[in-house]
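See structure below.
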Amino acid sequence: MSIDLKMAWRNIWRNSRRSILTILAIAFASLLLVFMLSWQFGSYDAMINSAVKIHTGHVQVQAKGYKNKRSIRLVVPDPAEVGDILEKTPGVAAYSFRTNAFSLVSSKERTYGAIVIGIDPVREAKVSTLEKLVHQGNYLSAGDTDQALLGKLLAKNLLVGLGDELVVLGQGRDGSIAATMVKVKGIFSSGQDEFDRSTIHIPLKYFQDVYTMYEAVHEVVVLVKSLEYVPEIKRTVAAGIENTNKKGHLVALDWMELMPGLIQAIQMDLVSGFIFYIILIVVVAFSILNTFLMTIFERTREFGVLMALGTTPGRLTKLLLIESTTMTMVGIVIGIIGGSLITWYFQEHGIVISGASELMRQYGLAERMFPQLSVLSVVIGSGAVLVITLLTALYPALRVRRLRPVEAMMSV
Amino acid sequence: MYFQLGWRNIWRNPRRTLVIMTAVIIGVWSMIFLGALMRGIADQMVRNGIATLTGHIQVHHKGYRNDPAIENSMAEPQAVETALNKLLPPGAQWTSRVRVNAIASNARHSSGVTLVGINPHREGKISFIGQAITQGRYLKPDDKYGIVVGKALVDKFETKLGRKLVLMSQDTGREIASRAFRIVGIFRAEKEATEKQFAFVTMPVAQQMLKLRKSISEVSIILPVNQEADQVATALRTALPSSDYEVQSWQELLPLVTAVLKMYDGFIFLWFLVVFIAMGFGIVNTTLMAVFERMREFGLLKALGMKPWWIIREVLTESFFLLILAMVIGNSLGFLSVFALSGTGIDLSSLAAGLEFVGMSRVIYPIIQGKDVIMANVVVFILGLLVSMYPAVKASKFTPVEAMAHT
Amino acid sequence: MTTKSIVDLCLSLFVFVALFAKANGQDAQALVEAAVSYYRGEASISTVDMTIHRPNWERVITIKAWTKGQKDSIFIILAPPKDNGNGTLKRGREMWTYNPKVNRVIKLPPSMMSQAWMGSDFSNNDLAKSDSVIEDYTHTITGTEIHDGKKVYVIKSMPKPEAPVVWGMQKLKIREDHILLSQEFYDEDLKLVKAMTGQQIQMLGGKLSPKVWKMQKSDVKDEYTLLNYKELMFKQDLPDSLFTLSSLKNPGR
């Protein structure tokens, strides 16, 4: 350890109470930031994951133009081929096939237009929360044929309950009339009114039969293991379908393209979060500025002596900066350790926010929120604390240069 | 005497006092200002929700909420009117509406909308539509073919003012009812979804088109005081037979907004605490410094027979001044910045899609709520004095000998 | 010339134009009514091949149709076999659809009226409001053309201000022998939205009329629907019982 470092270390502990309080203030700020950022990042992941899990998925493979036109003839003709690519793509958690058709859905009393969605019951349960959203009756099982899951609002509009029959009338892929009678097996509620008012799910095989789809589907919905993999997987899948398919008929779309509102909502939350953090750090900075300032006032005499002995003002500045940096670093390290421990605890056990839980349930989210510790959440918060505290420390450290040895030694 | 002494003492080292005061001022300012911003967001959500044809209380035919079909209309609005006239507090406003799902179409486009038949005069005082017309004009009571639609719908339909829109719906006899309207006014709303959803015509026209006679779909009530909703709703519930009517307050009609409000309450309090802790360290440290500097002084006082309690009081008085002064400035700054923004608000239009997603407004106007201001100040003041106890007690415990020995 | 004589001239010109317009309006209205009743007759029974053409895709449906007056009609699909027995009943402006597989009649809700009929370029509304051109429009003859040596009237039909129609204008071409040659649909900017044109005029059911009708939207190139009359028979009358829900379910023809 150099002599400067040793001196700084000893100086810090000359007034241990004060130093500890200062270090604690810094530790508190970085602890809070580590936790809050982990919390924010964690909640974004939760938000994205639960939003995509209602229906959209992280990545979808569709026919080009299907996203806007949604014509029954714009199909993925050979879904098994896309499935093979996905099987080989690392990071894919699950995938499923879906078909959609706007059709007439009619009960004894009422008739509404709705989107009939064909799902593979087993695969669907792995990519979406649909199974958990079924609050009345049961989810579809593998062998089901003329059974349907109905959105809660659609069921209300049609005045039907479990076991009631519905006529579905639409147009098949070949233009033929697609008609069938289905029984309501379950009623789901996602909390998203549009989805609950306008969709009805039937087994994929049955859909393909009724709507003359043959093997074709409209969407291959992919759920990935972790959000970070999305761009990579999208690239891989896009390259894969390019190789197997004739002249770019298919496209891979990620959740940001499928749900543009979500990413903006997240950016907004991030920005507003940062405003809060910056203000918090500034308050902390002013809280500890006094400690740094005090050092020079108290030790004016001491500095005077040092200067008289030939210590250059530059060296004094350096000494002071080493002291404040050391305190800051100690504070930040304690903050990071404490913050990480708290985050880690909640990462394991989850947090329930009272009041928010009913909100969550409405959207089919888990009531428990899990913060997510990451290098980013640790580095950003403590980095900001470090920069701002060091800027604060700079002022007293530079002021020391203005000291005149003689006057300084005279002071009490 | 304490006050004088305390006041002088805090100015013995003005720089130090100013620095710690700055910390408290920024803290208090952020509490007031950010609290007001959050309240602004929440308030806007509530107001939007209420103004978007919800009102504080709604009365429907029983079953309408579950099944908003034309069969569930109120055939005798008189009964409701009588109850309203008797029970509503002075200053309350109400209006009735016809509200059905319909299909709007022109030569190239068609889409589902909510056809709302309104009493233009009454409606204007109750919901957003009275102030929302940006092109053309609002409905007149005798408009036979006038329709007011949202900007987003007009854009989607590639149409404009003066153009025709054909609306189709099912009448009470389950026949298809269709009628041509001319766009006389275009409205803007906070949310694009609202602009795409609602199409307003006059109530007699809607009743005639749908063969409703005098029937209406809902009654919407605005109260002079938001908080009375529950109470008035209960009164209405007892007055109207529950076999025929259902009465709901906005808290029940807008469950999501209610949940968000609750969450914001918790969040604001948490923010107050966090900011306080951040400045708490500074307050303790600064007061400690001030106390230790004056160790000799306190020792001397003690030797002269000053009771420890007096010393504690002396130190707390100093903190008191410091806190009060900082709070006054912080509050003023908070109020000032809220005031500065109250005219223009904070425009977040560039994030429109995201705002739509979380249900926020395009422009946020901060709003100061009395209870937040009180809570912020109480937190700072009480906790500020509380943490100052530590240095104060410390000072009271200096023994004269020890203190005199200290340089 | 004095000012007065100019005014007089203008006035008489105005009166003349107004009178002409009125007479023209009556003529045009009569012409349109004559054309419509010419092609619909009192009642008719026909068999039509409907070809729905899309890029890379085409489908032909054979439909048997009964019509009576302007308001009632019933359509039953004969081929392809898969769709055999599916039917649509139109009475006035209401429509019902029947599917034999589920054996249910469904009344089309308003939300379906602007959707395509059987996937074609005709919307349900085009069918439901087929009598609209007579009731909801005022007609003026704007010119004449010569087609195959016959005089053809070009008629501009503007919707009555309060008529519940989406079009901004229709343009009809009617031959002097009352054969409707084309019907064009315009939006309110008077831009063409879609057009139906008759082709191959020949004897059908004892009358001259286009054998093939083509409906095409103006903003797409390779998409259209063809109606090709295989058989057409005009009747004096058809029983009302033909245009009922039970007849739709169980066509006793």
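A few remarks follow.
Letters A, B and C mark the chains in the order given here, with residues in each chain numbered from 1 onward.
One rule holds in what follows: a residue touches a chain if its C-beta (ideal position, glycine included) is under 8 Å from a C-beta of that chain, and two chains touch if they have at least 3 such contacts.
None of these values were measured; they are calculated from a predicted model.
The pair with more inter-chain C-beta contacts, choosing from A-B and B-C, is A-B. Set against the C-alpha centre of chain B, every other chain centre is closer than that of C. Taking each chain's centre as the mean of its C-alpha atoms, chain B lies 56 Å from chain C. Between the Cα centres of chain A and chain B there is a gap of 27 Å.
Within chain C, residues 107, 109, 111 each touch two or more of the remaining chains. Put simply, chain B touches chain A in their complex at residues 13, 15-16, 19-20, 22-23, 26-27, 30, 34, 66-67, 69, 255-256, 259-260, 262-263, 265-266, 271, 274-275, 277-286, 288-289, 348, 351-358, 360.
Note for the complex: chain C touches chain B at residues 93-94, 107, 109-111, 113-114, 125, 128, 159, 161-168, 185-188, 193.
If you check the complex, the residues on chain C that touch chain A are 52, 54, 57, 59, 61, 77, 80, 82-83, 86, 97, 99, 101-102, 104, 106-109, 111-112, 115, 118-119.
Note for the complex: chain A touches chain B at residues 17-18, 21-22, 24-25, 28-29, 32, 110, 156-157, 159, 260-269, 275-276, 279-280, 282-284, 286-291, 293-294, 297, 353-356, 358-359, 362. Contacts from chain B toward chain C in the complex involve residues 101-103, 105-108, 110, 112, 144-145, 159, 163-164, 166, 168-170, 174-180.
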